[in-house]
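Got a structure for you, questions after.
Which chain is which? They are A, B, C and D, in the order written, and residues in each are numbered from 1.
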Amino acid sequence: MATERPMQLGMVGLGRMGANLVRRLMRDGHRCVVYDVNPDVVKELEAEGATGATSLEAFVAKLDKPRTAWLMLPAAIVDATLDKLVPLLEPGDAVIDGGNSYYRDDIVRAKRLAGQQIHYLDCGTSGGVWGLERGYCLMIGGETDVVQRLDPIFKTIAPGAGTAEPTPSRTRTGGTAPDGYLHCGPNGAGHFVKMVHNGVEYGMMAAIAEGLSIIKHADVGKATQVVDAETTPLRDPEAYQYDIDVAEVAEVWRRGSVVSSWLVDLTADAYARSPELDEFTGRVSDSGEGRWTVLAAVDEGVPATIITTSLMERFESRRLGEYTDKVLSAMRSQFGGHAEKK
Amino acid sequence: MATERPMQLGMVGLGRMGANLVRRLMRDGHRCVVYDVNPDVVKELEAEGATGATSLEAFVAKLDKPRTAWLMLPAAIVDATLDKLVPLLEPGDAVIDGGNSYYRDDIVRAKRLAGQQIHYLDCGTSGGVWGLERGYCLMIGGETDVVQRLDPIFKTIAPGAGTAEPTPSRTRTGGTAPDGYLHCGPNGAGHFVKMVHNGVEYGMMAAIAEGLSIIKHADVGKATQVVDAETTPLRDPEAYQYDIDVAEVAEVWRRGSVVSSWLVDLTADAYARSPELDEFTGRVSDSGEGRWTVLAAVDEGVPATIITTSLMERFESRRLGEYTDKVLSAMRSQFGGHAEKK
Amino acid sequence: MATERPMQLGMVGLGRMGANLVRRLMRDGHRCVVYDVNPDVVKELEAEGATGATSLEAFVAKLDKPRTAWLMLPAAIVDATLDKLVPLLEPGDAVIDGGNSYYRDDIVRAKRLAGQQIHYLDCGTSGGVWGLERGYCLMIGGETDVVQRLDPIFKTIAPGAGTAEPTPSRTRTGGTAPDGYLHCGPNGAGHFVKMVHNGVEYGMMAAIAEGLSIIKHADVGKATQVVDAETTPLRDPEAYQYDIDVAEVAEVWRRGSVVSSWLVDLTADAYARSPELDEFTGRVSDSGEGRWTVLAAVDEGVPATIITTSLMERFESRRLGEYTDKVLSAMRSQFGGHAEKK
Amino acid sequence: MATERPMQLGMVGLGRMGANLVRRLMRDGHRCVVYDVNPDVVKELEAEGATGATSLEAFVAKLDKPRTAWLMLPAAIVDATLDKLVPLLEPGDAVIDGGNSYYRDDIVRAKRLAGQQIHYLDCGTSGGVWGLERGYCLMIGGETDVVQRLDPIFKTIAPGAGTAEPTPSRTRTGGTAPDGYLHCGPNGAGHFVKMVHNGVEYGMMAAIAEGLSIIKHADVGKATQVVDAETTPLRDPEAYQYDIDVAEVAEVWRRGSVVSSWLVDLTADAYARSPELDEFTGRVSDSGEGRWTVLAAVDEGVPATIITTSLMERFESRRLGEYTDKVLSAMRSQFGGHAEKK
């Protein structure tokens, strides 16, 4: 099923996300001009029907006016890329940052580009490696008329209304949220909502992971109890005698349960690949949005203990609390003569 | 589509959950004998095809041997009901507790009933008011042969494999988890998994609610800043100038996003009914499973900070931390002469 | 006992902290020039021996060169005051910000003043309303030679080594930390350490308050248990039958216990004034340092869950989580038909 | 200075705590009969003036009637010891459990011993390895007349009023709290208050340790920033350029600061012994009271997020959250193709 209003879009950055956005757009009838510092990935997408460019100059030259350039880049190199790209653009052109920029940078950039009458949109893009098939949830910030002009692009990228049952009580007509994309507000609003989305994601992930861990350890009553002053004896070992198949728990929660969610789906799939998750060491990265969400909560004075704590748990997973723990051990040694257990 | 192996089941307790379980069973071709202390609800289900009973004695008399009685009762009255029901049963009969009992009570009850050669199953049942259509996720504990004998019952109540896409990497064949029900282990294991499920639910709910709250308050920069020694000034009010439509955010997150989940679906529906959620005061109850999950985490020595904190947040919502806060204010008054802000 | 090296200091801002610093300095033989926008407090300190000034110009004129001006002002008006004060100063003069500025502002200010060869010190000052008698703990940032030049001032303000037993294992000689003041590093380091000090203070306060609250509620087993689906029944009411005198608990913890601390001392005093703490409503302010400490922990990637959570608890105490809680209630209503308890 | 009313006490268990209690009692003029399974420690205390016993029978025989036997034993062996000791006692005798028993065990034991007209007191004892000189803070549960009869014992063990300044606003006369010991209520109340004391201790320790860790890492801006998709770049490295001497920070906080406390004193001493705390690995044990405090908070429905989280942090320090973290890594791998950083 092709889009009613085919458009042309330029994509800068052909990593997994950028390349799949191009594929999804072309499948729906849009035309794409593509550029990446790596010429191999440009060729790969040319082979799939895109118009390739081997320099930003060529890229800009191949775009119809007013141009639309979507950046799908690591946050750290967006500004450097804009420094090169913007001088090549003309008034009326539009740049979309579809990556994971900090929303405050969007505010600054939009103001800067506005000085040259170039439009800037920030577009938080969720969907990960599955978006090509599943569609991407888009959270957009910027000027209303520009967002509306580019509506066919967003509509194609988004999952579409058919990918979930309609919200039963919804009476509001119009609006694009049921299609999976939303103009959230002026510049920065898109990445703000995406940032918080990731904060929520941290919290939901932590809740699921903690629960599965409690189920995994429901056998602690079987272990021989160590008897020493540094170990709390388990008072009711008979209540912890279960060997529960956590992989099957994840699978059963996928249907009918209150916690059913895409994250539980993915967890079940992870267990299907690796029942003991042996290839993971448990060092969990955090990539910015979680931290920024905490900063926003603190600035707003909104208690967000779950999201905050889930970020801190990731820090703990990477042993970043080791110094804190040493201080604790040092205190215990001081007041109680407690030696650390090895 | 009717079940291949119709069975007969007795249901004690015809509240919303019990009544809907009966309806779902009858739709699929099973026969149900129903009892409740309220004769009106018995009549209502008789009108829909069930066999009614107005006393436990009559209820038991109408059940084929070996009997199967499902209790769908508040946890607080399960034991009293068993005290009346069990003397009426015979060796080989089975009782299923489908409510929200503490799993440790299951262990005790199963042992007690085993003394009379009566089987006991604990069955955690998730699905809430939507289960009639959506099916219920079942987490079952008890003897394997009894669980297998009653398989047609569980299969009918559960959502069924068709209600979600298959887990892509799943190669395991057999097993009922993909149908939405799971024999988790010996007695108590079903309610243990359901208990933790609810703990996970608390954490996921809190993550979503906190995130939406941060988005809702993205306009704090618009408020006039109070200047006094008790208020932290917002350093960057220009970064908090957004009026974001949280109802539409919930809707857009339903499709393609990493946080897409039934809870987000329900949140979107709640907003569709009441965009400002005005009818809620924010006093959030907790009904046992969350507390028990925390106790289990503590006993196991498993860090479960998110789940624990989400329980504590519910306590806070009901002002149960007021005394703590008074002590804090008293200290601040002491060391800094700080007066409370009104 | 008078200082060996009397100096002259100018104090801008004669609130409780500023005035008491002046008094403590004069008692020890230092001379003070004082200024405040409120002429009454200037007069009051003149009566106690200070040299008063009714304008910043007069204030500067009365200071010996190189001048030393200590600002004891709300953080929000430091910059405006510097804008007026600095043009009146000359190369070699020094300004000390003794208030609660954000350490990042110190870095900016120090750079700005350095352009005019004026020295800037940031001095975190802890001690509250008790400092006049007890002395103030000082955490200082800035150039080493300036800090050393002003040593007699800091020595007088600080509590002095005699106010606590020597640290038994301490072998390091020299250093001012045992006297209660410390040059922590270059500009900002003083307020950085003071900021974290306050974060620690939040956490310690919360721990004490929570503990006393748990003791206060050790009588919950005496309450009649509500039986409804929204209330978790207390399984062991017989274990919660205590009426413990929390005021006396605070008093007894002052001596010999591991938690003995100035905060416990103050808590005991608060109870002595008001056994039920009735005059407090439990709305606990936060005044910046706690928030900044959280931001630093997030930037550093250091897990600081206790400090962070104690900040969030203060937000909760002021009902800032109400919207979050409404969303939770809305979800519960959706999936379970749960009505809020009134 | 000797006690006015010398008494005789029997001590069972001559570990560090038990032996030092005996020494403190004898110094003040009380007579002690001592027993331990290890005859060497019995001899050691005999040499210091105690009356030794090499069996429980001999121990009981040497006690004046009504006998008073203080147990200073690991919680795990209290019941076994009571099983042997109690049959040797007579109506009117008293047993004190001075160790770290769970308060619910006290309730059971007191009832059991009451059946034989033997009195039971639970006495939470804080003071650690420093109590011999500093005195022990005592939190006592049991019958009022028995507590009063043994008052000279408690008075000697406790620190005494002189060890801290009087609480300024205190007008209440009488009461033993200012001496450092308190009859908290009926059986179990003593260990209940001691249990919560330890919970508070966990929270205070965590707050201090986290704060020092944030200060220790104030140099993160100096590290070369890794640029990859899994690492959040530090936005303001110039704000984290401090090398702060945390040992001196601990020392300076001892005097005049709001966080001044025995725990800060001990921390300063730990740094004096080992500036880098190199001999600690950071695996922090928890020994029961923290867990029980959390259980009490949950039962009471009192939010105690700080205390709870500080317990969870200890679990994290011992890597007990590793499985949780593996699940998180597995999810991230699923939705984003994120590989763990090594």
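Assume a residue touches a chain if its C-beta (ideal position, glycine included) is under 8 Å from a C-beta of that chain, and two chains touch if they have at least 3 such contacts.
Quantities reported herein were computed from a predicted structural model and do not represent experimental measurements.
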item: Pair of chains joined by more contacts [C-beta pairs], B-D or A-D; value: A-D
item: Chain whose mean Cα position lies farthest from chain C; value: B
item: Chain centre separation in whole Å, for chain D relative to chain B (CA means); value: 39
item: Distance from the mean Cα position of chain D to that of chain A, given in whole angstrom; value: 45
item: Touching two or more other chains - residues of chain D; value: 128, 206, 208, 210, 213, 217, 232, 235, 258, 262-263, 269, 291, 299, 301-305, 309, 312-313, 316, 318, 321, 323-324, 335
item: Chain C residues within the chain D interface of the complex; value: 103-104, 107, 126-128, 131, 134-139, 158-161, 163-165, 167-172, 175-182, 184-186, 188-189, 192-193, 196-204, 206-208, 210-211, 213-215, 217-218, 220, 232, 234-236, 238-245, 248-249, 251-265, 268-269, 272-273, 293, 296-297, 299-307, 309-310, 312-313, 316
item: Contact set on chain C toward chain A in their complex; value: 258, 291, 294-295, 298-299, 301-305, 308-309, 311-313, 315-316, 318, 320-321, 323-324, 335
item: Chain D - residues contacting chain A, complex; value: 16, 74-76, 102, 128-130, 205-206, 208-210, 212-213, 216-217, 227, 229-233, 235, 262-263, 266-267, 269-271, 274, 277, 280-288, 291, 305, 309, 313-314, 316-318, 321-338, 340-342
